[in-house]
Amino acid sequence: MTGLFENIVSHGWAVFLAKLIGAFVVGTAGLLWTLIGIWFERKVAGRFQDRLGPNRVGLGPKGRFNLSYKFGWAQSIADLIKIFLKEDIRNTGTDRWTFNLAPIMVTMSVVLLWAVIPFSDGWIGTDLNVGVAYLIAVGGIGTIGVMMAGWGSNNKYSLLAGFRSVAQLISYEIPMVVALLVPVLMAGSMSTQTIIRQQYIAFMFAVPMTLLIFLISGQAENGRGPFDLLEGESEIVAGFHVEYSGMKFGMFMVSEFLHAFTLGLLTAILFMGGWRIPFVPLDWVQEGKYLGSFIWNLLGFVMLLSKAMIAYFVLIWVRMTLPRLRIDHLLNFNWKFLVPLSLINLLVVAFVWKAIPGTDAINSFADAFIPSVVLLIVNMAMFLGVGAVLADKGRQERARVAARVYPETVEAAPTN
Amino acid sequence: MVPLWLYLAVAAALFSIGMFGVLTRRNAIAILMSIELMLNAVNINLVAFWRYQENPANLSGQVFAIFVFVVAAAEAAVGLALIISIYRNRQSVIAEDVDVMKW
Amino acid sequence: MSLHPWIFIGLFFIASAALPSVAIGANWLLGPKRPNSVKHEPYECGVEMVGSPWAQFRAQWYVFALVYVVFDVEVVFLFPWAYAYNSLGLFALFEVFVFIALLLVALWYVVRKDALEWS
Amino acid sequence: MTVELLVFLILSALTLGGGMLVVTTRNLFHAGLYLMISLFGVAGLFVLLTAPFLGVVQVIVYIGAIAILIMLAIMLSPNITNLPNPFTAQWPVGAALAVIFFVMLITVVTPVMNELGADDWVNSDQLTVDTAGDVPADGIATLGEELVDPHKYMLPFEVASVLLMAAMIGAVLLVHPGKQAEDVIEDVA
């Protein structure tokens, strides 16, 4: 691409133009991906709830059950067209700039994540040496957007939900960040690309506990699944974006879906080995052996997408299965359980990492094998410990609630 | 590269703006925000001097800036807590109204 | 260290701000505009709005943000440590252990004070 | 004008413009947002000074945490959108002092520049190209090593932890007085 422009303009401008176009292409691809993502999610959600999901819109051959548009693949496109034709309402008393900028900020915070996502060995926006810290920094912009939306709407529900959302977002950012430290520590780098290259054995097999913490806090950061009380229909009507309509509301929707998928991507990159194809040596891909580098890159891209889809599917699964948490439970769970657990987990991994010799230079599957097995065993022990603690807490809590709600039954029942 | 004095000028201007805010705003939270601006001016200076020394391999400027972050965080946390506490007792966040110690 | 990658980040900033703006702008152009005073009232489940949305909020929210700030700053120290961990000795781990332990003690205190309790 | 200078000018405009608006806006919520813009400009300046880690940390800590804390505190206090009179009566004195201080700082900066060998300091890459050395390729690793190095910054590192602990406990005690603390306050008052 740069070469193409060099014929027309000077080298500096050629690089600039190529990068600008690259940025727009990646950003647009990200936003358009939501069309597929939303369709996929609605389909999967439909199956979880024992229904079909979107099945009308779209052209296709006649199906077995005489439903000619069975897959509804064009549902998202129809929704897109519809949302473009909606009236853009701004209610009285809103703070104009704050109100209008909020959806842009929220979308930005998600799209910006894509700048450092390595889609393949050679396909990456830019490989920052502070990549993981950048991911966290960008995430913070979304919090500001939520706050602006809540405040700018001149609505009690919005403001209250904005407060709640901010409390949730900032609370769950801590375990997420601490969980991100573990891959950084194991790879000895903050660059997303290096983290992938260092996963001779995917980190998810070595540190499943960290993966779990990351997924839980990521899901909460995204405000989905059991943590979707910031838009709980029965409590605060639609959360901080109750006053938004048309594309501004659409942008909140898009950013939520895109964030969910990006979370899947990040899980794939940081814990599942990213574009690395299992059992294929790294230098085949990097030097383009046998197949040529384009094919390897393409294969890596497909690999990354399928891993991301698996993670995304798990997240949808959790979202569709678990009931919504109450806000006090949500915050208690974070501060009294997840934050200490993530910090202790970090220390344990760091200790094991130092205790095993040879972890400072891992350059092959064989190097990674023993540390991974030891870490896995340690993680299993941690799972058992945490499970025991949780089971004990659960028993106490049930007894406490029972004593409050049915005092007479508890007194009558045998104490043991 | 951009000459050093430009960074220093920006930092000086930011510091003066912050100072103006601290001296003239009535709202205590606004004063605190101005203080944050001043701290940032200091940080710009620290990092600029670090960058323009002959041997930037010595990271003292960056380390200093990080410790300024810590101090700023602690200051903001305690300062705002004080303001909220004062508001609770005296129903005001105007700095001039808090004059019990002015005798 | 070159600043080269950051040019892309800067451009990505522009792109990621421009794309949603274009979408919202297109919606503004394409959508109908039929304002009326009822439609533009703030939503309160159909009831007319009473008073300003500026109800007084509790300091509860502030406590969460406060604890968050402290842990966020802590993470800033942990990032370089984790980055350089492979070239550090066991003593560095001990230092970080003390570092984290102090903050966990503070968190324990805050929890014991019931300051993080939703009341 | 080089690209770097252009970027620098944009970032300083963000920083100073944002800062200016912070101290003059009546609406405190907007002031908080302008503060974020200003801090963001500073983060950009850090990146331009080849300290990208600091730039990112600036966004994480200042914008993502401290500014949000300030915003929450703003939203907790009443009557923020239209302060009747945002400035004290002595604001001209404050403005004059700030201007004098600014002029003073600039005049202090100038001789230093001259001493360092940039006679024509208004128009130069002289100073910078000659004296500024190369930044280490792996600055963050060095940062990590130095922070926990007993001969370098180990003590400040641990003291930072103590400071944060004290700040957290103290601030929570102030905002969330338990039963005993409330009694104490009432006794004093």
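Annotations
Letters A, B, C and D name the chains as they come in the text, with residue numbers starting at 1 for each one.
Just so we're on the same page, a residue touches a chain if its C-beta (ideal position, glycine included) is under 8 Å from a C-beta of that chain, and two chains touch if they have at least 3 such contacts.
Just so it is clear, the structure is predicted and the values come from calculations on it, not from any experiment.
Taking the CA centroid of chain A as reference, the farthest chain centroid is that of B. Overall, the chain located most centrally, as judged by its C-alpha mean against the mean of all protein C-alpha atoms, is C. Centroids built from CA atoms put chain B at 35 Å from chain A. One inter-chain figure worth recording: chain B and chain D are separated by 5 Å, centre to centre, where each centre is the mean of the chain's CA atoms. Averaging Cα coordinates per chain places chain A and chain C 15 Å apart.
Each chain gets one centre point, the mean of its Cα atoms, and the points for chain C and chain D are 18 Å apart.
Within chain A, contacts with two or more other chains are made by residues 128-129, 133-134, 136, 159, 163, 166, 170, 173, 190. Residue positions of chain B touching 2 or more other chains, listed in rising order: 66, 69-70, 73, 76-77, 80-81, 84. Of all residues in chain C, those touching 2 or more other chains are 1, 6, 54, 57, 59, 61-62, 65-70, 72-73, 75-77, 79, 82-85, 87, 96, 103, 107, listed in ascending order. For chain B in complex with chain C, the touching residues are 66, 69-70, 73, 76-77, 80-81, 84, 88.
Remark: chain C residues 1, 5-9, 11-21, 23-24, 26-28, 30-34, 37, 39-45, 49, 53-55, 57, 61, 64-65, 67-68, 71-72, 75, 78-79, 82-87, 90, 93, 96-97, 100, 103-104, 107, 111, 116-118 touch chain A in the complex. If you check the complex, the residues on chain D that touch chain B are 4-5, 8, 12, 15-16, 19-20, 22-23, 28, 31-32, 35, 38-39, 42, 45-46, 48-51, 53-54, 57-58, 61-62, 65-66, 69-70, 73-74, 76-77, 83, 85-88, 90-91, 93-95, 97-99, 101-102, 105-106, 109-110, 113, 118, 121, 124-129, 131-136, 139, 142-143, 146-147, 153, 156, 160, 163-164, 166-168, 170-172, 174-175, 177, 185, 189. By the touch rule above, chain A contacts chain D in their complex via residues 12, 95, 98, 128-130, 133-134, 136-141, 143-144, 147-148, 151, 159, 163, 166, 170, 173, 190. Across the complex, chain D is touched by residues 1-10, 12-21, 23-27, 29-30, 32-34, 36-37, 40, 43-44, 47-48, 50-57, 59, 62-63, 65-67, 69-74, 76-78, 80-85, 87, 89, 93, 96 of chain B.
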